[in-house]
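You will see subunit A twice below: alongside subunit B first, and alongside subunit C after that.
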Partner chain A sequence: MTLATDFRPRHSRLYRLRRAYFASPLTGLVTLLSVAILAWLAWIVLDWTVLQATFDADANQAICAERAGACWSVIANRWRIILFGLYPLDEQWRAGVACAVVALVIVLSCLPLMWRFSRLALVWVLGTAVFYTLMRGGIFGLVPVNEQQWGGLPLTLFIFVATGILGMPLAIGLALMRRSELPVIARVSGWIIDTIRSLPLLAILFTCAIVLPFMLPGFLIGEKLYRVIFGAALFFAAYQAEIIRGGFQGIPRGQEEAAKALGLGYWQRMGKVVLPQAFRLALPATINQFVIAFMETSLVVVVGFMELLAASNTAFRTGEWRFAYIEVYVFISAIYFAFVFGLSRYGAWLEARMSAGQRKD
Partner chain B sequence: MMKPILLSTVSLGALALSSLAAQADQGDTLRTVQERGSLNCPGDVGSYLGFAEVDDNGVWRGIDIELCRAMTSAIFGDPSHANIVPIDWAQRWPALQSGDIDIVIKASGGTRSRDTELGLQFSMSYYLGTTKVMGHAELGLETLADAAGGSICVPASTSTERQVSSYLEANGIEMEIVAIERNEEVEAAYFSGRCDTYAQWGPVLAIAASQSDDPSAHVLLPDVLALEPEVMIARQGDDNWIDIANWTLSALLFAEQEGITSENVDEIRQNPPTAEIGRFLGATPGLGAGLGLSDDWAYNVISQVGNYSEIFERSLGMESPYQMPREMTALWNAGGVLFPLVFD
Partner chain C sequence: MDRASFWRSKTIRDGVLQAAFLAALIGLVLTAVLTARANLAAQGLTSGFDFLWKSTGWEMNFTLLHSERDDPYWYFLLLGLMNTLFMGTIGLAGASVIGLVVGLMRSGRNPAARLLGTLYIELFRNLPLIVQLFFWYALANALPNPRQAIEFAGAIISSRGIYVPGLTVTSGAVALAVAALLIGAALAIWIATARRFRRMERQRQRGAALMAFGLAALVAVIALVTGHDSTQPWTTFPAVDGLRVSGGFRIQPEFYCLAIAIMTYGGAYIGEIVRGGFKAVGRGQMEASRALGLSNWQVFTQVQMPLAFRAMLPILINQYVWLIKATTLGIAVGFSDFFMVIASSINHSGQTIEFISILVGGFLFINFSLAAILNRLNRAIALKGHQTGGAA
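Coming up: the complex of A and B.
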């Protein structure tokens, strides 16, 4: 409970600043030193990325070498490869629109307004359908583009989103099974989770892409991309199931017993009492898991997909631009950063919002 | 080829399974390819400059890609049926065995273990790759032995690393081996002066030297650490398929030997100087029947893709940014070791 009145005296911002950073000569010194180092680093970065950089799209290695900074010409010339991989040049507007659709769907489903099962389902089904139609083509007069030609940002987003959509329900299922009262179910689920967690993601992806086709009957093999997404989703689910189980353990037993006493059935208890609370408790770890899943999309390069990271490698692996790999890496780090930072800030906001009713002082 | 075998364990496990399954499913590769309407070859984002790379418009370039286009032209009469599938190093053998790709043309050498243990089959060599060493000119090195006591940068966990250590051991040279994972980083380490010398697959080394800020500051040492003949690789057991690969390569080399280029091929076909060339270009019948191809398949290859020299110059040679000389990869009558089979 917060006290109704705060009796502590209010101070000016300057006073607080002075007390925090310049309380003693030593603190003052440390503060000044840190500020100096930070300013120096910031200057180096600014100098390299902007002041000394070459922005001319027609520049080449020799021209860039005359200035000490970054050579952004590589981005100007190769951005299509970085963002869209080997997606056919004339059709890249489709990949661009598809990216925007996914981004829109993600933003929409982050809005509390949309948090109804029906609305979320509608947005996702529609979004996925539009994305797939645009990317794959073959109808409405769009030229068909094979999954193997997908690349860059749309592929990264697609793998990430599909991993989440498949992985989350799977995780909930596994977590619920693991706390089942039937020992067989609980133990089987435990075994599944522990087996998957004991394998590296790389090995799972490789198995799904390369080994599975030898073991499955023909009609089950499907496109390599979907097998890989399935593998990534399994991996995601195993970790996320444990995170949810952690959430379950934070809920007092009395909650579920009370729900039982009120005559709620299993699904009502889970859906209305247990899971919402478990998710709230597990939120920080869940956001973390999503961030990891986003980063791990880059692993699909080992099975030959040209996602964002691989596409950017392709961008500088050519005679003209081989010297400019740092610029390309900086460019895609900015893309990754934008996504992950957005995700983290959203997580923090969500946490604040969800715990609003429970704040303890 | 000498590239990271990061996933070798997993891929070998996959292969153990795959070779079993693949034995049953070899069939007639040519027919499979014709029915599918495309020849699937590997492309790689981590391959070597000049062998497989992507231009500004997202089109694959490089000698490996051109060979795939040549084979596609032989089969379909048109290189646009080539389908370049991005495939990682570790994945090329399982992908070949599983039928995802029809042939591996990926700067890969013909080795005993690949032939006998992985169940593969090779064409003749289309490129001879040597592992060499480059050093800073200011050190005044003449051979690698002069660099004794110094350091050598090598790409980590590649066959280059093994070749370097066995060469040093065999010649009693003591050097500090600095193994670094990524190619860009190995190069950066050498150019920044972290190492005295830099060992790498020949073409990569030559390109690195020629494109450095000051090419004259580096010398290529005469030591040859290893030789690897790069070949086209197919599944064992489809003799006609490897024949097609071999005769496509021979056609490229024969055309170069006879001075037939994509420019003058039509002219020569109208007026073949010999009966041999007349048959070669499909002016008289007889070339394709034995392979299951059309009689003008060689004409299609040369007119659509060009001869070996044209391919080389576009990819690695004087018309490319890399300006590499042919050297060993020249024809037999120009001081090299490549030769066509006889088109009798």
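Coming up: the complex of A and C.
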């Protein structure tokens, strides 16, 4: 038998509810207002998406207009354009599998088990190779599909993955250059980083897509898609370099001095002592940067690519589905949201996991 | 000195490395410039900035000052820069207000309000800005045409834009008035914060700041009065006139859609910054102020707000710079901001290198001046000898 030592007064559920929601007239008002808005929003969303919606794939505008809700028929009719753009119809299974491969790569690299440089590099390079082979075709009896025909979700994912793969080494390079002991290199790379960071990404993409061909000798021009990816990677690298620099600043000086005292060379010091710790410190911000990079892939719509956003614009702007733009935007918003929200939740979880050992109170 | 020891000298190695680095960079830039020149010459164009005085031959669909088809390039660039700053000011102000409201909802103790704030932030922060912009724009275009326009509180809402009652003054006068007010506000802030005036008495300093702003307000009013055509009434109201709307002041869909998108998206990010700022205020500070007998409202306005603002300002600076850059999305819907003017100019004139350098220079100017002003504010209000929010 234990003695009752808890002398805190026990409150009824009603009392606790009242204290949280109706402590004063003002909080009461705020509560009522918030609950009213929440209920209203929930009702509108439920009513529009489910209760009054049309789910019949054969419906048209007249049938949908009879009911006041969403006309999901547009998705049933146009999902191939939205998801795969102008990719040849018979080959779209390849695009689907390629998307699944990228999703798998992203999930794999989120597992702490995979956090070795060699494993991450292997997964990403292998994943990209499989993705590229599937999409481009030309070998293993796959029909070749030109980059200009890529579109929809695979193109979005490709730009994202390629930006990350190119941008990350670039970021490490820039970050190391910025903290170099050589004054010219440190100063100049600092200028480069700050200049790129103060430019809008859209301006960089535009320059790469449309202006660069005028400014480069013929053999350097290359496909427009890869120029745009290079621009996106450069922008990503400038931001990520500063994040890594933030990580550097969190490492005690003694770490590098100790490594020096042990006789390790520059690359060993960086690769085995400094960079791993910097990355660990910079992990939450890095994931945040990846989230932003994913959202910013949609900017390439401006320089004329059929990625997810542009593909869905064409899906409703052509023909009889002009009225159903909200449904299409809701559909792709759900795709973007699932990815971005998932990644940012994961980042928050990581942050909590990492700070678990450092809690002070 | 033989070869081996030449390369063993650290000074020489470092020097060679840095020289090679510089040479590679300069080589890259030179190649770009020379190739661009050669390409221009092949099209019969000359490089240099003389074209700035040539007329453009196209029109801008949104300008703050009067403009015509044949205005020179430099004038269009100026108008574009003004549009960007205008959109930036409106966007940042709106985003800050939304952010403050949402952030307060999220850091309050009321669970219902917190849920509402969380929903808002998660929804608007996790969708790409350009998707949101396209959505608002599609919505604006789906509004009824002027003949069936919605009339609401004196305004007429149609797919052609929102028409609101306005003053009958020239746009130049309005721009002058706004500029005067902005300069006045900047002067007032400078007087209130600069070190030069620190020795002044508090009372006199405040008076001087108020006077600077009052003078600017006076200039603004004079500008508005002189810009008014005396034969017409002062105000104009919109009215449906057959197939179109006459009178009133038209707010274009391109403009308000971009403004709404930047405000709602920026508001979600700023909301999180505001919440972080409030979280950074130490518990001890609040308990101490309560123990001193301050009321809840006093604790909020005198202790919590000032401390939270100091904690969030450095992060806000980055966010503001980021949002200013987001105004370039205007090109997606056709709002002629600085970037869109540059892009169209490149398409029309072919002067690539020149416009790219103007673009880079323009954005460096905007962002560095914004960051410089805000950093100055940050230094001026920072607690001396304290780390904000460090003590928990």
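Keep in mind that, in the parts below, the second predicted complex is superposed on the first by the 301 of 361 C-alpha atoms of A that agree within 3 Å, B and C clash if a C-alpha of one lies under 4 Å from a C-alpha of the other, contacts with A are read in each partner's own complex, and residues count from 1 in each chain.
What we mean here is this: a residue touches a chain if its C-beta (ideal position, glycine included) is under 8 Å from a C-beta of that chain, and two chains touch if they have at least 3 such contacts.
It should be emphasised that the depicted structure is a prediction, and the values quoted were computed from it without experimental measurement.
Trainee: Sticking to the clash and touch definitions up top, decide whether subunit B and subunit C on subunit A clash or fit.
Mentor: clash
Trainee: Under the stated touch criterion, which partner chain does A:F214 make contact with: subunit B (first), subunit C (second), both, or neither?
Mentor: Both: A:F214 reaches subunit B and subunit C.
Trainee: If we overlay the two complexes on their shared chain A, which of subunit B and subunit C does A:T314 touch? Say first, second, both or neither.
Mentor: first
Trainee: Tell me which partner A:Q148 touches in the superposition: subunit B (first), subunit C (second), both or neither.
Mentor: Only subunit B; A:Q148 stays clear of subunit C.
Trainee: A:A59 contacts which: subunit B (first), subunit C (second), both, neither?
Mentor: Touch partners of A:A59: none, neither subunit B nor subunit C.
Trainee: Pick one for A:Y325: touches subunit B only (first), subunit C only (second), both, or neither.
Mentor: Touch partners of A:Y325: subunit B and subunit C.
Trainee: Check the residue A:T27 against both partner chains and state whether it touches subunit B (first), subunit C (second), both, or neither.
Mentor: In the superposed model, A:T27 contacts subunit C only, not subunit B.
Trainee: A:F305 in the overlay: touching subunit B, subunit C, both, or neither? Say first, second, both or neither.
Mentor: Touch status of A:F305: first partner only.
Trainee: Regarding the shared-chain residue A:V273, is it in contact with subunit B (first), subunit C (second), both, or neither?
Mentor: Once the two structures are laid over each other on A, A:V273 reaches no partner at all.
Trainee: What is the contact status of A:V161 with respect to subunit B (first) and subunit C (second): first, second, both, or neither?
Mentor: Touch status of A:V161: no partner.
Trainee: Where along subunit C is the clash with subunit B: 38-46, 110-118, 200-208 or 362-370?
Mentor: That would be 38-46, the only stretch with clashing C-alpha atoms.
Trainee: Under the contact definition given at the top, report the residues of subunit A touching subunit B in one complex and subunit C in the other.
Mentor: On subunit A, the overlap between the subunit B and subunit C contacts is residues 202-203, 206-207, 210-211, 214-215, 301-302, 313, 323, 325.
Trainee: Applying the document's contact rule, which stretches of subunit A touch subunit C when the two form their complex?
Mentor: Answer in residue numbers: 20-21, 27, 30-31, 34-35, 37-38, 41, 181-185, 188, 195, 198-203, 206-207, 210-211, 214-217, 295-296, 298-299, 301-302, 309, 313, 323, 325-326, 329, 332-333, 336-337, 340-341, 344, 360-361.
Trainee: Quick one: which bits of subunit C touch subunit A in the complex? Just the residue numbers, please.
Mentor: That would be residues 14, 17-18, 21-22, 25, 31-33, 35-36, 39-40, 105, 108-113, 115-116, 119, 122-123, 126-131, 134-135, 138-139, 142, 321, 325-326, 328-329, 331-332, 339, 342-343, 346, 350, 352-353, 356, 359-360, 363-364, 367-368, 392 of subunit C.
Trainee: Subunit A touches which residues of subunit B in the complex?
Mentor: Listed in rising order, the residues of subunit B that touch subunit A are 6-7, 10-11, 13-14, 17-18, 20-21, 45-47, 49-50, 53-58, 60, 85-88, 90-91, 94-95, 98, 100, 184, 207, 211, 213, 320-322.
Trainee: Touching subunit B in the complex: which residues of subunit A?
Mentor: 61, 65, 77-78, 80-81, 84-89, 148, 202-203, 206-207, 209-211, 213-215, 224, 301-306, 310-311, 313-315, 317-320, 322-323, 325
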